[in-house]
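Please find the structures below.
One chain, chain A, appears in both complexes that follow, with chain B as partner in the first and chain C in the second.
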Partner chain A sequence: MAEAKTILVRIKRQAGPRETPRWEEFSVRWRPNMNVIACLIDIAENPVTSDGQKTTPVSYEANCLEEVCGACAMVINGRSRQACSALVDHLEQPIRLEPMTKFPLVRDLVVDRSRMFNDAKRMRCWVPIDGTYAIGPGPRIAPERQEVAYALSRCIFCGNCLEVCPKVNEHSDFVGAAIVNQVRLFNMHPTGAMHAHERLRAVRGPGGIQECDNAQNCVKACPKGIPLTESNNDVNRQALLDSIFGWIFH
Partner chain B sequence: MPGKTAATAEIQPEAAVVPAAVPDRSYIWDKIHSLTGIVPIGAFLLEHFWSNSYALVSVDRYNQQSFDLQTIPWRVPVEALLIWIPLLYHGFYGIFIWSKGKANLSRYSYGANWMYVMQRWTGLIAFVFIGWHVYVERFITQGRSNYFDVVTTLSNPLYLTFYVIGILAVSFHFGNGLWQFSNKWGLAVGARAQRKAAWVAGAIGVLFAVVGLLIVCSFVFHWQPFQFYAQ
Partner chain C sequence: MSSTRVILIGGGLAGLMAAIRVAELGHSVDLFSVVPVRRSHSVCAQGGINAAKNLKGEGDSTWQHFDDTVYGGDFLQNQPLVKGMCEAAPGIIDLLDRMGVTFNRTPEGLLDFRRFGGTLYHRTAFAGATTGQQLLYALDEQVRRFEAEGKVRKLEGWMFLSAVLDDGGVCRGACAVSLRSGEVRTFPADALIVATGGIGSIFRQSTNSVACTGSAQSELFQQGVHYANPEMIQVHPTAIPGEDKCRLISESVRGEGGRVWVPKTPGDNRDPRTIPDAERFYFLEEWYPKYGNLVPRDVATRAIHKVVYEMGLGIDGKSMVYLDVTHLPREMLTRKLGGVLEIYEKFVGLDPRDHPMKVFPAQHYTMGGIWIDNENQATNVPGIFAAGECDYQYHGANRLGANSLLSCLYGGILAGPAAVKHAQNIAKSAESAPSTVFEREQKRQEQIYERLRAQQGDENPISLWKEMGETMTQHATVIRYNKDLREADAKLAELQERYNRINLADTGRWGNQSLHFTRELGNMLVLARLIVQAAVLRDESRGAHYKPDFPDRDDEHWLRTTRAEYNNGSFKFQFDPVDTSLIPPRKRSYTNS
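This part shows the complex of A and B:
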């Protein structure tokens, strides 16, 4: 029997937010159609580095394994993407895994992306329907509109668009393309549109749409193929019109 | 709370109730920055290339045009309001915007990301060039620059090189700036509209570069292809 094929995985590890990072290399037995998560599962089962040192299992986040939950975003071979759709056979070896750099680090490959959810709240990215009585069904949405909105609604809050954005860093509080896209999505919704002015005011706030400088990495990095630059420009238009004429109607 | 982002940032406990963000001044300042690039700076650039194109007609027409511009009523206030203040604002605010970004071209070398980086460097080159250009052609000559002042400046190969680099940087910055403007003001929204806007803006940038270099050639080689207009 031929010797089992192995793959090398180098992982940037850090035991906690305040610890110093270090690199560890693991060798994993190759199997057909492996993705990066499969490597991480193998490493977790047998946390021994390629030079035989016993170590702690690598912490990482993953859930759906089919690019719909957003949990497993990390920097793979220098580029931010989902680990589940990163197939080992398509990657240059050794495979380098690093945590995302634009979010507070928790441990190893785990980062805390709750700022995205917080920013979505600050920008009022939901349709308010809660009340003391039933308000009945909402208006119907034309199929053409549904088609556009559906593409926008596919966002999984993975944070890749923030990771690749030159304007998201410690010197700027830009909320990132994902949140701007949510503003567009909920302004498109007939019930959500009733609060469009509030959203458009919020998106002109600290870290708002004005911070976007069109490096347009977001749209390339988006695993869901959301037309993020379109959303940015559309929200730019809406926010501008709202800033000029909004006060007349509100 | 808008959280500063970085791997080293502290993990914040999640807030149960988050107040909506409200517009702050940075929105207005950014919009003014983007607008001043087109009007009045871009508009003045057009006027400037137009007036300097008189060098392609004749020395007399060039000097006449220069004199006409130098003797407009309210000259200094007009210069200050339409050129100096917008230019200083655009330049320094641009550097401030630059300071808020962290380029990542080596990792993500996409076309628009190149434009993002180039826009910053050409902006800086243009700002330095324009500062020197205004000093040499406006202040040293006491606001009475004519054809031969420009010829004298361009006879120095170092200055000539700086002019060529300056013109290319300004043209790129203006062309790409037009595309940026179409994005930032929501004029071109869809992917196709963005592409078309990029073609138009690119063509305008190239046009400015070509005309600018032809004007330089005119001064250096005393080349006046439109001289027959004046005969």
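This part shows the complex of A and C:
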């Protein structure tokens, strides 16, 4: 007689930013191809801990569930990653789920990553167009160049690269590799390049590229395989050149 | 020119496009989204966006695009609007290109185009296999620029609850709840644009994102906004079946040469790579020689159903078929389809470059939606506009692949200025709405939440949601029988009744996700009933709506838009004529030429 296989999930709970964290353990019925999100849905359906205590459903962020929206980042068995692509069969048990630590905690596994979007705004990460009117096609771009840009533009703002970065901490306001990579992306674009100086000035400012000490954790944590260290080095070089020669052009 | 304020609900492609247009005209935008807008479901669109640029010397034209779209939709569209969209498409691609979308390029540095379903032309511009992501990002960045200029205010993490309507039935703003703090608040505005996308959550295991619940559409419907063609639900032929969701494998995989097949012998459980070509059944190519694997989605989905359920040829006797790209050059696969193949690799654990993928149809898109007029995305309620998947125009009874990103953008382009025009009129003609209108709506919404918190019983929202999803997927997707649909409606009525006995394990305010989900669930149930009731009424087969008991299209009776009005818990249906003034309806068949 086959016994139903179960999975143990330990979750670090915290009811709010000022509450005390606690751990709760849940036992979830195993099914093939399960991911961490499926476990969390099960827990929401039956919010009872493995020792029979009634509790509240666990708060977490998730949206696309195919690792392209960036929402469900959390620390799983000590590693910062997306929960949707964390398949249960590949994880050691009990599975430990914790919120990311480099962002303000909201509740349970939910953190506030809005600083990333604010930093993107500060670094002027966009192509400034004249308007949405019909003013003809965009610039021609060589396929090789498109391929480099495409790889950079797949960043999902998950924040895993910030979570693992030693320079993102209480004592430094480093924007992190994701944002530096955006600066590189927009400086590459023919129209974006016309405004590279603005971005480079911003990325030399507070929390800028000078904070990066090349630990290279970011590139290993990136779920999209973005060459982040390459981007850091490239933007560092651009920023240096801009600081030396920028005044000639501006 | 007086500056007005427009509220936008939803920050996917349609919402962002509308926001850009409103801000560009010098007006203020309050942009509400349940998720940070960059995480909206548009991010999941993979294959591309259609525009008849005719850069491949094929003689493609915007008229041909228009004809393919109307034919693909089985003639249920109001044609002038579709024609406008197809004519605008090449310019929209130029705009996206200028915004910096990393579209794939030809050796000459021009935009590359691929083939997609329901057409014989290379008409689909693409950025790898994550086109929606790239488009969404480009628009997100433009909106961020307006945000930096103070023209757009983002309210991310706020969920739309209802429109604020004055005593004359005119929209004066919106009521929303903070998903973080639980605070319910009203926001005044001179116009409201809804761009809240799909409703996949109603089917539970769909290709949609978690946020695609249709709750906003349902809420507006219950407030008097009409809803059209709810029965038109698209089931995509190729997705990876999954428990938390079905992950889409883009049509572009077939556009680039992917082939769908099953072993000819039932139960043949050999490693697919060892099954010789002669023992494989490439059923789409055999049944539809001209379009082959690129027949429209409704046709491909029904073919897969037939092969699996009628002929018993599913892989290992299960509900799955092969989608095979192992014969294609690896370098090309990585360059053009990397993003989607990666999904298969990560979630199934096998590299599709070496192993044929196992796929099955899954709910994907809703052609129907909020009723809007034939000109400028206006609903029947003054001051409320809709754009994107949540509106009902453009796709008729079946959407062609790579037309959705286009209709989102086109709808947003129209809705923005239309909302501004309305807003300027109202700002001029009427004094500001009395504060009692806002207080009344806020109170009503707070009471709904209080009731949910106080409810006693033994029901759980997730369990009810699962039951709803099973019912809908089973009876209201690919094959429909009136008897089953009626049973489904009875089941949904039972779920509505049990809904009142939901006992929330968490009754707090802060970050209480199950509370807000339960709120949405109530709205989902209303929309689910609307879908099945409308499906019962349409006794014909057209596009995605297929009834074996009524296997043919019946233009005489059913070349009509289903239009529903909410009436105290029940629905009132009317059937409007469809504007087919440009292309006379003709028989739709992809079997021969």
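As a convention for this text, the second predicted complex is superposed on the first by the 242 of 250 C-alpha atoms of A that agree within 3 Å, B and C clash if a C-alpha of one lies under 4 Å from a C-alpha of the other, contacts with A are read in each partner's own complex, and residues count from 1 in each chain.
Assume contacts are C-beta pairs under 8 Å (C-beta built on N, C-alpha and C of every residue); 3 or more make two chains touch, one makes a residue touch a chain.
Predicted model only: the values in this text are computed from it and were never measured.
Peer 1: May I ask you to decide whether A:Y150 touches chain B, chain C, both, or neither, giving the answer as first, second, both or neither?
Peer 2: Only chain C; A:Y150 stays clear of chain B.
Peer 1: Let me test your reading of the model: by the given contact rule, A:V28 touches which partner, first (chain B), second (chain C), both or neither?
Peer 2: In the superposed model, A:V28 contacts neither chain B nor chain C.
Peer 1: Quick check for you: in the superposed arrangement, does A:A178 touch first (chain B), second (chain C), both or neither?
Peer 2: neither
Peer 1: Report for A:V106: first if it touches chain B alone, second if chain C alone, otherwise both or neither.
Peer 2: both
Peer 1: May I ask you to decide whether A:E198 touches chain B, chain C, both, or neither, giving the answer as first, second, both or neither?
Peer 2: After superposition on chain A, A:E198 lies in contact with chain B alone.
Peer 1: Looking at the overlay, what does A:I226 touch: chain B (first), chain C (second), both, or neither?
Peer 2: Touch status of A:I226: no partner.
Peer 1: With both complexes superposed on chain A, which partner does A:F117 reach: first (chain B), second (chain C), both or neither?
Peer 2: Both chain B and chain C are touched by A:F117.
Peer 1: Contact-wise, after the overlay, does A:K54 reach chain B, chain C, both or neither (first, second, both, neither)?
Peer 2: second
Peer 1: Return the residues of chain A at which the contacts from chain B and from chain C coincide.
Peer 2: The overlap between the chain B and chain C interfaces on chain A comprises residues 106, 114, 117, 121, 124.
Peer 1: Write out the stretch or stretches of chain A touching chain B in their complex.
Peer 2: Interface residues on the chain A side: 17, 78-79, 99-106, 111-112, 114-115, 117-119, 121-124, 162, 164, 166-173, 175, 198, 201-217, 220-221, 227, 229-230, 232-240, 243.
Peer 1: Quick one: in the complex, what on chain A touches chain C?
Peer 2: Its residues touching chain C are 15-16, 31, 33-35, 37-38, 41, 44-47, 54-57, 59-71, 84-85, 87, 106-108, 110, 113-114, 117, 120-121, 124-129, 131-132, 134-138, 140-143, 146-147, 149-150, 153-154, 156-157, 186, 189, 191-192.
Peer 1: For chain B, which residues count as touching chain A in their complex?
Peer 2: Checking each residue of chain B against chain A gives 1-12, 14-15, 18-24, 26-27, 30-31, 97, 99-104, 107-108, 110, 112-113, 115-116, 119, 179-180, 183-191, 194.
Peer 1: Within their complex, state which residues of chain C touch chain A.
Peer 2: Of all residues in chain C, those touching chain A are 20-21, 24, 35-36, 38-41, 43-44, 91, 94-95, 97-100, 102-110, 127-128, 130, 133-134, 137-138, 141-142, 144-145, 147-148, 156, 180, 209-211, 242-245, 247-248, 335, 339, 343, 346-349, 413, 460, 462-463, 466, 505-506, 508, 510-514.
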